[in-house]
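Two complexes follow with subunit A in common, the first pairing it with subunit B and the second with subunit C.
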Partner chain A sequence: MRTIGLFLLVPWLAFALPQPVHASPQGSTLEKRIMSKILRALTPHRQRVRVYYYGGSTPAGLRNNDAILLTSQLADADVVVLGSTPPRTLLRKIRQPILVLEYGMLRHVSRAVGAYFWQKGRPNIIMIRSRLSRAGIRLPAEFDRYIENTLW
Partner chain B sequence: MQRSLQPLVRLTLYLVLILLISGIFWLAATVTHSAGRLEQTFIATIESTIYQRAERFAHQFLRDHPGTASELSARLLAQPEERRRCDEKLELMRDQYIRYVYLLWLDPQGRFRFLCDGSDDKGHTLQKFDPDRPKLWMEIYRRGEIRILDQSQYRGLWKSLLFPIRDGNRTRAMLVVDYSTEFLTTLHRLISPVQNTLRTILYITIGLALLIFVQLLLLFLIRNKSIRDPLTGVHNRGALRHMRYSLPWKHYNLLMIDLDHFKHINDTYGHDVGDMALLHTVKILRKLLHRKDHLVRHGGEEFLIFQYCGKGVDHRRHGIDLAEAILRAFRETPMHHPAYGEIHLRVSIGLYASSSGNKEFDQVLKKTDLALYRAKSSGRDCYMEVSGEEKRSDTVKFDNVKRYIEQNRIVCEYQPIFLRDGKTVVKYETLVRLRQDDGTLLYPNDFLNAIWQTNTYIRMTRQVLEKAIETFREHPIPFSVNFALQDLLDENIFALIREMASREPETISRMSIEVLEYHNFTNVERLSTVLHRFKDLGISIILDDFGAGHANFLILQHLPIDEFKIDRQLIVENLKNPKAKKLLIALTRYARETGMKTTAEFVADEQIFRALQEIPVDYLQGYYLGRPSLRIPDTAPSREPKNKK
Partner chain C sequence: MVNSNIRRGLLTILIFSSFGYGDEPLNLLLQRLGQEDAYYKKTVDESAGIVQVYTREDLDRMQAHTLKDVLKSIRFVSYEEGILGEAILATAGAFNPLSAMYRLYIDGHEVSSPIFGSAMYQFAEMDLGFVDHIEVYQGGNAIAFGNEPGMMTIRVYSKDPRREGGSTLSVRGDSLGGGSASLCLTGVDEEESYLAYLSGDLTRRDKVEAHGRSYSKDRNSMTFYGKYERTKRFRFVAAHFQNKKDAFLGIGMHQTPEGPNEITWRHSFVDLSWQLPYRTVFELSADYSRHRMQLDDPGGIRFPSPSFLFTHFDGEYAEEVYKASLKGDYDHRNGSLRWGVEGIEKRYSILHAYYDSVNLTDPEGPDRLSILSAYGEESWHLTPSDLLIGTLKVDHLRDNDRRDDTEHSLRLGWIHLFSINSSFKLFYNRTYLYPGFGYTSSYLKFAQGNPELESEHFQNVMGEWKYETGRSTLKIGVLRQEKNHAIVIDPQRKIYVNSPRHFSAGKVYLDYSYAFTPEHRIELEYYRGWFLQDLSAKSPLSGGYLRLYDTFGSWELYQELIYRQGYTFSLPSPIGTGSIEIHDGWDYTVALQWHPRHDLTLSLKGENLLNSTLRSPVFGLGATPVIDRKITLGVEYFF
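Moving on to the complex of A and B:
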């Protein structure tokens, strides 16, 4: 049996090249996990966060995510996620915490409490302390390293 | 030949399979190794280039941007032009492999912040940057240690060069170069299908090899079971088929051992005791055998021992020692039965010492069988050796004879037997021949030994009888068929003749059995019983070759004999020796007075024929009067003797 095992193991080792870049575990699973974590932190009382999304195509982190329920009615949402800057009329209607998906949008959407975006191939999270306080949101301690006092 | 090739074919198959697997494995390993080498060379080249660029940038940076990092950050915030110049310098570092190049500052709160950025997705000055392992990055930053970190967990990235820019003992900023290797991706994309294909082929081949291995294992297990005798656990005839091609014969003696009076044991004590006797036999034989010897149950109560003789061993002496040891062991070790007490077993042994002579297995087996037969005939509980002359004798191969008989190549010739006038045919003697592949005929002396005491012999007897009956059904004349005495003792042959007698009573009533090979048989009572069974079927009994050699006159008195043929030696002797003539006259008179007929054989020429005219013999037979022929003339020939020798 041991011989058979070795017989199978040796050829397998022969093919053991380093994993190629494009094949690394990545993408939607990680994105879903991060998105769920941020949105749950923003609405701790909700088991399943209802999200209203505005902006181009729905990001992978929001699609088919068990922790998130996408809603088309702004009023039903717990959190609003903005993929692009919405018109002022819509912005005025938003009462929920806003999460933007670009760093630059933090400047344009003054009520956005934070941003989650990919930069240099890595996920980045930035939460603005003053905006969180204004929205009455208290994030768990594990988010401390993402909270910024100033928006640079 | 075909069987002896099997191991070679199997070995070749294994070799081909091993070569195939090795070939695929070698190919796969070569592809993998070459790809690995290419990758390493490529990485070494690219990393060396990146390192040189980073070093050059650090040197320029320290020269162009004096002051602390916080001062620099304040300047960069206040003076977008300085930031732009810094970005441009970083951009210059980029090429097709470097995806991102940026300058970070670790603020007092332990957060990395962008100072400059030469990438497309530029970070804002002092914007926070989240590395994947912040503690490690901070340690590298603080210690000023240049490190390359694996970043392949991120899409599009492969490695990051962390290059702290030191001003004395203090790190002012850290240059980060993320390089992605499209080339490697392409390389992998190129090699992967080749590797996958090879891997698939390799796994299929290994799967096949495993399948073959499992099948061979099963075959081995089944074969191992099938070549063992379930009662005694020793090898059976199946094993013999394998051994005959695999054993190096020149190193082995063959001993054929037969348990004496086994039928009597079975009949007297029952089959359970018979089985016990076989087990007892195996137990004794095993004790006497060495590691390289082989014991085979050849069938019934017959065993074969293949006795290994090493180099320099006298085969004959070695074989005789074992035969004697076996006989002694059986004499000294009776079988104990709880009900019947001690039962003494004896064996007879045929020995073929292998140092010289014929090595064809069937021939060896046949000759050893004949030696065993001689041992049995000589009173049992002894061994008989195949003599040097017997070993050298070239008998026809059993397989060939068997094939001829299976292909119905038996030819019957009929030799006329005349009244003493030499003109009137009174009956015919049936003589068996086999037609060979080249059309020539084989005579009984050439092939009977090869098939003696085999099913083929019974089959041949049946065919000869059928041919004779078919012939003489149409020719209403008496005829005779030759049988060795052992044939008449064989129940199968008796059953065969009885069956024919019930089918063809008229033809069989004209048939005589000519008994051959009876000289050594001493149990006249038994012989009488056997012959009476045939007489009861209406068959006449003729004794062949009587009057010379071991002629036993008791036989004439006690057996139900209708006729005897006078031995050729006496007929020839008659020509020159007056005593022989007187003996012939006495014999023929005795026969007449006791109601028996006599035939003088070997009437080969006119001189013999004339000489026999003075003897009151009843019938004459010989080439001078009539040669054996394939056909019986429609009317029995009445002829003049030929005037030739």
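Moving on to the complex of A and C:
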């Protein structure tokens, strides 16, 4: 046990050193392509979609994406992407189509037209028919399998 | 960096499906993202050996509820059950019930049993509800995994809360009257994440009727698994597994159990790890387990030690494992260097052992073992398409009853990329298995412990060629194994001894998968083993499987047909000698899932549908099925 104790000393000394800052994960090319497809479908007249993002660190699919221009001004955006539920004051100001990044947020953000999220280890897309109609959005045929009539 | 390039290249070959690169349909992009960004891609170590991965999608589609659902089809391995209903993993042709050659890791933490050497007795039916994926390394895994070496390593990884997107509640019931309920909670924010899993399970097995009696392998179990991570710098895991099972035939001389005939296991562990500067990781862990055997047999029970006849046994044992390790890796111009040091302390004690009214609690032989280890692994990039790997691990072992031992393990590897579609791996492995307390001390068993036992020594060479053509993957592999100092039972003295014989065996396999479309996939595997001496098979020498994965909209269908070759089992057993004829085993499973909504999954699974499943040789009963014929219905709610 004494010898094992010596093994403990070494890491404790090392632990006292300053901690490195871990880089955030590299953005996935596929994630960018999927995000571009969804956002372009929500604003078909735009080649480069201007996106206002709210909620924590910017997701990999939105960063350094040639099809997307991130804007810090809500009024300049074509689409709003929400990573977490924003305050009511901000929600009231949003006039653009909203895409949320958590399934549960579809319930809380009643104007969100759809969600792109990871669930049970797989990436998923859901678009809500009634909300798309209300926002006047007609999605390409390849989205058909992701359109649901009701949010359960 | 170069090393990581070749690993990345291999990973790309592993699952990459080329359904075009242009303006791909959204469903294909999602499928590819699910595959290429899958959690296992971050954990699997292609240079660590010949690896089979059961991905999250595979496990979901298979409806693999317990580890047994995976173990039953692993290449070269046959899942069997002994007279106490305990799991036995037999490698092609061999009989190795107490073997420490199977190592099990959960999130990098090895769960082991100081008595048995391997934790498979307890964990073979582990609940998989908290598991994301499973990696199976064969033919001598990377020594750099740490801990004691093994010949087959099963690495289980829990779900990543960041990929779960919420929590799940699931309930199942089956046609044998069994059922289970589980709750998996996850939470994430910018800095932290957690996973908490709790499940309860009542497993009801087909009773075996014989000799005017009904023998049961029913089991009740409970699982808790908790994981907390903070910005990948700190991780804390706490887990508790327990199960209580009927002891099937028991251990009586005439197999006439009456009254309490059950075995209770509890295993808990905590594991803390810190990411330190210079890519080092410090890990501390502690395992504590207790198991109690209450066995009654009015017909009488007799063991080599104590040698008197008794009818009631009540024994409780405790096992402790403490571990501290520091490991790291370092990239240099032509490759990388992994290193590590670790200390392990193992203890075992008899809390009580009543042979009728006689309580014998002083174990004969060692009950404490300390292991100090150091290892290094160099991966050297010889050319842009050739990676050479060399690993050396030195262990110093000291127990409280016998001399010190110093053992070493050596591993050499070569990975060659012929092209982006084709690769070849070759590994030479030389290692040892140190006998657990179950072999060296007076733990209750059919043979007496021998503190003078030497380690078993293994050498093996394994090669695998892989060819990928977009939709299909072909793997052909060969394994040659040599074993010295094998631990066997001396039939006259009924004591464990090292065999003077040299054992060698060969194995080959062919593995093929083809994706007709992203929704329809087929997988085939066949293996065959043989002895290089005149030995009779004591488990299936060959086997394989056929798996079909189909998706029809929101329906997912999985079909699996497992084959294990028949053989004649003959061996002196504790209750006599004889032989048992085991016919070819065909286990057919169908698993159907329906996702009517994003937050709801309904499942239906039928097992052993051909009623000609894999069987174990059990003296007194003959060929006994290890997989029950049953239908399981389940519902999972996501919130």
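Criterion: the second predicted complex is superposed on the first by the 125 of 152 C-alpha atoms of A that agree within 3 Å, B and C clash if a C-alpha of one lies under 4 Å from a C-alpha of the other, contacts with A are read in each partner's own complex, and residues count from 1 in each chain.
In this section, a contact is a pair of C-beta atoms (placed from the backbone, for glycine too) under 8 Å apart; a residue touches a chain by one contact, two chains touch by 3 or more.
Fair warning: this is a prediction, and the values are worked out from it, not measured in the lab.
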item	value
Partner chain(s) touched by A:63 [first = subunit B, second = subunit C, both, neither]	neither
Touched partner set for A:33, first subunit B, second subunit C, both or neither	second
Contacts of A:142 with subunit B and subunit C, given as first, second, both or neither	second
Partner, of subunit C and subunit B, that touches more residues belonging to subunit A	C
Partner chain(s) touched by A:48 [first = subunit B, second = subunit C, both, neither]	neither
Which superposed partner A:129 touches (first subunit B, second subunit C, both, neither)	neither
Which of subunit B and subunit C A:121 touches, first, second, both or neither	both
Common ground on subunit A, meaning residues reached by subunit C in one complex and by subunit B in the other	4, 7-8, 10-11, 14-15, 17-20, 22, 103, 119-126, 145-146, 148, 152
For the subunit B and subunit A complex, residues of the former touching the latter	25, 28-29, 32, 35-36, 39, 77, 99-100, 102, 111, 113, 119, 121, 123-132, 134, 151-158, 178, 180-181, 184-185, 188-189, 191-192, 195, 199, 202-203, 206, 210
Parts of subunit A lying in touch with subunit B, wherever the complex brings them together	4, 7-8, 10-11, 14-27, 103, 119-126, 145-146, 148, 152
Contacting residues of subunit C [partner subunit A, same complex]	24-27, 29-30, 32-34, 36-39, 56-57, 60, 132, 159-160, 162-166, 168, 189-190, 231-233, 274-278, 280, 282, 284, 322, 324-326, 341-345, 370, 372, 553, 597-600, 638-639
Touching residues on subunit A, where the partner in the complex is subunit C	1, 3-4, 7-8, 10-11, 14-15, 17-20, 22, 28, 30-31, 33-34, 37, 56-57, 102-104, 117-126, 142-143, 145-146, 148, 152
